[in-house]
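Please go over the structures that come below.
Shared between the two complexes below is subunit A, which pairs with subunit B and subunit C, respectively.
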Partner chain A sequence: MSAHAAAPPTVSYVLTDEQRQLQEMVRDLFAQRAAPDRVREVMLAETPGYDDALWQELANYGLLGLTIPEAHGGSGASFAELAIVLEEAGRRLAPVPLLSSAVLGTEAVLGGATEAQAAALLPGVAAGTTRLALAHLDLGGDLLAAPGVVASRDGATWHLDGTAAYVIDGASATHLVVAARAGDDLELFVVPGDAPGVSRTPVEVLDLTRPLATVEFAGVEVAEEDRLAGGPAMAALHRALTAGVVAIAVEQVGGTAHTLEACTAYARDRIQFGRAIGSFQAVKHRLAELLVELESARSAAIHAARVLAAGEREELAIAAPLAKSYCSEVYERSAADGIQLFGGIGFTWEHDQHLYLKRAKSTKLLLGDPKHHRALLGELLAL
Partner chain B sequence: MGVDERGLIVERIEALFASHPPADTDERSFWGAQFDHGLAWVQFPEGLGGSGVSPRWQAVVDQRINDAGGSTRNRINNVLGIGMGAGTIIAHGTDEHRARFLRPMFTMEEIWCQLFSEPGAGSDLAALSTSAVREDDHWIVNGQKVWTTLGHLAKWGLLVTRTDPDQPKHAGMTYFIVDMEADGVDVRPLYQITGEAEFNEVYFTDVVIGDELRVGEVGQGWGVAMTTLMNERVAIGGTVQPRESGAIGEAVQVWRERHGEDGDPVARDQLLQLWAAAEAMRLTTVRAKEAATSGTPGPEGSTAKLQWAELNKRITSFTVDLLGPEGLTYPGGYSFTRPDGSADVDGAPHKRFLRARANSIEGGTSEIMKNILGERVLGLPGEPRVDKDVPWREVPRS
Partner chain C sequence: MKVVVPVKRTPDTAGEKVIDADSLTVDREAGESVLCPVNEFSIEEAVRLKEKHGAEVTVLVVGPEEAQPTVRKALSYGLDAGLQITDEAIAGSDALGTARVIAAALEATEFDLVVFGGQSTDARTSLVPAAVAELLGLPSLTYTRYLEVDGETITVHREHEEGWDVVTASLPAVVSVVEAINEPRYPSFKGIMAAKSKPLETKSLADLGVSADEVGAGAASATMYEFAPRPPKEAGTVIEDDGSGAAAAQLADWLVEKKFV
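Up next is the complex of A and B:
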């Protein structure tokens, strides 16, 4: 047995009373404000690519600064609370930039910024007026490759050149957190989305509820004070991506839970051959299997969120890829089976199930597919 | 209250260890003393092997015993008694049953077996036809039971019979404790795919059972049997195991010994897929345990048996694949012996692969577990039934 496998730390999985209240509040909020009609309206509009009214509401409830310290305008709660919000958002496919701004961007800043930089940036993030997006992939989208943006220094000014691909909410973000190669090093810069030399092109995406952009940098000037200088940039990027991976797993659990609920309700109501289709074992047994998979996916995701919140870094290195690989596969299978279970109506644009299939597929491939994460796991476990 | 319970249990463990050091006391005396200190089934009443506290403290007791070099193997080797019969006797038995049976069950002086399944009644237990007919103060039993684990070692059996064939099938059953050494009880080995005979077929020919060995009311046998089965399904797959133990631990070991870092990447990915599934399942048992003791239990507590059975089959099969041509062999050959206990966890990967086939059959098949999850947890409608509200006599049976 490897050292990692020996003794996972104990974290609690039961929600506190406050967390339960938060969950109910957010579930209600998304049920009202991210109803399917609204999600579709936002996803089909050219701009802005997210629901600004809902975003402001989340900010007003203090939900955009859950992991931001109080000194920087946040509520100083933890990732455990943020995970509750993300799961509920995933349940409704809420079209808001939580993953890009509240998770990836915020974590990169928390990990990489000086106190002064954090003080300048994070209050706006918590207030919802600043929306961050993380630009770190090259055109190939390979997580293991170096960024496609190169930074060169000229005194107190840096110049950024190159392309960042697959930037989540990249077109609508107010600020980009850009990972760039500087010689043999990696640096992170905070660049306004409308800075001269930045051009952002929305990608035609599979999952319309989560926009991506290709961002080109042509001689973009960035002051040295906008280079995140609070610690090694590589560590900050790693921190952001790990949090992103856990956030996606939690979101996938929300989407899977929605799928099971919707399918179960339909299986009770839809009559064929004089009986509810849920009384046929081919249907009933698949839903029972889905229940089993959902509960395990939930365990893996909550575990990862809780060890992240507890700062258990060694266990997080296992828990994050475990959650991402397992939850991705469960979500995709459930979303696809959902279409089958609904029959012809499930194949229509009008029905919502395809939105979940698209979200499942895209989150499976975002930030490393299941094979990628299992390879990480294999290295850690020395298999 | 939780604090008091912990204090009480810790105090009793210390008293037990002081008078009977676990490592230096013979097993039987130790288990007897454990019973007398109320630490056999902590949730049972005082005087009956329990301390009247939440069952969650049992894990603490067993852990301490194992750490101190004592044995808790009685829970495995007499599982049908300690895991299933005891709870049934507490819930439905008489005071005489409780006083007579629990202690020698726990010390393994008396082994127990479960006489439910019949050739014509498996998943559909309520179809059973072994008859019990009343004569004065006793009953005469005739019929056949099958798949009776440990029947050849057992002193007592948990027996469900049909006492009124004119009632609908769930209504006409009665539950007994039967002496396996009584005249007319014939236990014959049944060899299973591993070549061993853990289980038996049991024939009853005019066996006499005193009415004092009846458990529950006449005609109420179904409810009593359900208590036994609930205890069984909780026992299977629901306990929290260490990370990377059991079947996945063995798969990992075989991988390291034979493949390791240079191994085939496809096989490695499959191994990791199974590792992830096993760990997610394990975390679910941890979560279920926490929810059962300090939260609101949800569906996470009801999925373990099904998931464990199916995953165990996949992992043990994969492990034999990792052996390559050696997977063609059967180390030690087929022994045709009758093991002392359930052979579930012993043996080479080959045997574990074969034994795991039973996991989705014993204790309720996976198909039945899916029906239960679908209907009881998800609230899906049941199937049309042809056997309800009809006298048992008139129901078609194989």
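Up next is the complex of A and C:
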């Protein structure tokens, strides 16, 4: 038996009064501002690829810098609060770059930047004027492979060459946090999205509410002071990706919760053969099973978010892949079941359920599929 | 300038209201209680006065100890301080009794402007703001859909069926606002976190010098003797068309009988 199993629980899963108020507030905010019509309008527009009005509003309410220290313009809260926002955003498929900027980008900077670099970058992130995207994958998208970008140094200047694939919100971000190979090392660079030599091409995606881009670097010049120099880049990248994994799991819980609520309401409402379809065992048992799975997924995701917030790295190493693998499968199953439960209307473009199915499918693969995370767990737990 | 925003703790608007058979009042334990939604508009207006004129805003609640989350919720919008009037004798007060308590609380407070919501979502009397103004001998500006403060005067647009009147009064004054006045914002994360550390004062009737005889169910001008749930809707008249054309005549007769035509 490994050591973690005996460790006493040190994090609370109960929301504080303030956290409950935050949840209430963001749930209502997303319900108002990310209504289905608005989500579709944003996802079908070519630019800017996210809802800028909502983004600014989130900034005004202090929700974009929840994990950023107050000294750098943030709220100095924790990932527990950010997780509340992410779950509610996931519930509405809110088309805003929270995952890319507030999670992946912010965590990479928090983990890798010097104080001066953090002070220069993070106030803009908290204010919503700087939107970060993390470029770390090669063309194959393999998490374990080296990044597709190579950095070579020439005095105080670096040159970046190569291609980063599947960059979340890569086309709309103001700044890219680029993971690049430098000899045998890994380095992280902060590069303006419109720097000379950077070309960004939107990728055709299944989930239109979350754009991806391929970013090519052709001799992009980066000054040495834009190389994150506050700590080992590999550790910073790992920190960002782990936070990303937990963020996705939490978001998946939000999407699953929405699906269950919408399906249950429909099952009460929809009359067939003279009675509400929810009275048929085939329907109600499916909903009951969904509820059990949702609650298990929620426990896994909240546990991961809380140990991340508490900085319990050993437990997080297990909690994150556990949450991501389980929540991915629950979300996919519930979203697919939702299509069935809604019957004929569930198959139409006009109904929103397919948007949830697509989000479920895309997030299942994002930052490692369940198989990848189970393999990690297997190694860690020596199974 | 100093602004007071009286707010009300009401049963959740979306929930079902239950009347307690013994006390014949709304059973507040039966469902969740919330900050009355109309107060989001009066609070927003106060926040705007704060932004524009640097107003210092106090939120005032009359209610039992359990009403404290309502005060904190109101403070989370960025208001400065809370004042809660708690006394068992207040329970069951009607609009006038409530107005007496609020007026006494205001008399013990320094203020230039009182901003009420227009009509609470539970009692819906709209009486309290005007009663408070009358008790204090201050200008009463109701149905306010726009307000502007300039030095010692306040100008409001007072809504009515045909449009609105422009009404000016000197401060201090009492206004009540309609929902058209603004689009309330949400509390910010910082506001939520700061609400707990804002000063909150609690006073009793004795502190205000109000006699328990003037308030509460005993002093109410109307007495509730009994209540009954609303009777279920009766089935309407069904006229069936058998193809003979008689249905049209029946329908016409029915419309005449009901004086629709």
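Simple rule for what comes next: the second predicted complex is superposed on the first by the 378 of 383 C-alpha atoms of A that agree within 3 Å, B and C clash if a C-alpha of one lies under 4 Å from a C-alpha of the other, contacts with A are read in each partner's own complex, and residues count from 1 in each chain.
Assume a contact is a pair of C-beta atoms (placed from the backbone, for glycine too) under 8 Å apart; a residue touches a chain by one contact, two chains touch by 3 or more.
The shown structure was predicted, so the numbers you read here are calculated from the model rather than taken from an experiment.
Enquirer: Look at the residues of subunit A and decide whether subunit B or subunit C touches more of them.
Expert: After superposing on chain A, more of subunit A is contacted by B.
Enquirer: Where does A:G62 make contact in the superposed view: on subunit B (first), on subunit C (second), on both, or on neither?
Expert: second
Enquirer: What is the contact status of A:A77 with respect to subunit B (first) and subunit C (second): first, second, both, or neither?
Expert: Only subunit C is touched by A:A77; subunit B is not.
Enquirer: Considering only the touch criterion stated at the top, classify A:M25 as touching first (subunit B), second (subunit C), both, or neither.
Expert: In the superposed model, A:M25 contacts subunit C only, not subunit B.
Enquirer: Once the structures are superposed on A, label A:D17 by its partner contacts, choosing first (subunit B), second (subunit C), both or neither.
Expert: second
Enquirer: Report for A:A45: first if it touches subunit B alone, second if subunit C alone, otherwise both or neither.
Expert: neither
Enquirer: Just to be sure I read the superposition right, which of the two partners does A:L139 touch: subunit B = first, subunit C = second, or both, or neither?
Expert: Neither partner.
Enquirer: State the interface residues of subunit B toward subunit A in the complex, per the touch definition above.
Expert: Listed in rising order, the residues are 243-244, 249, 252, 255-256, 260-261, 268-269, 271-273, 275-277, 279-281, 283-284, 286-287, 290-291, 294-295, 299-300, 303, 306-307, 367, 369-371, 373-375, 377-384.
Enquirer: Within the complex, which stretch of subunit A touches subunit B?
Expert: Where subunit A meets subunit B, its residues are 1-2, 5-8, 12-15, 260, 264, 267-268, 275-276, 278-279, 281, 283-285, 287-289, 291-292, 295-300, 302-303, 322, 325-326, 370-371, 374-375, 377-378, 381-383.
Enquirer: Which residues of subunit C touch subunit A once you look at their complex with the stated criterion?
Expert: So the residues of subunit C in touch with subunit A come to 69, 72-73, 76, 186-190, 192-193, 195-196.
Enquirer: In their complex, what parts of subunit A are in touch with subunit C?
Expert: These residues of subunit A touch subunit C: 17-18, 21-22, 25, 28-29, 60-63, 66, 75, 77, 81.
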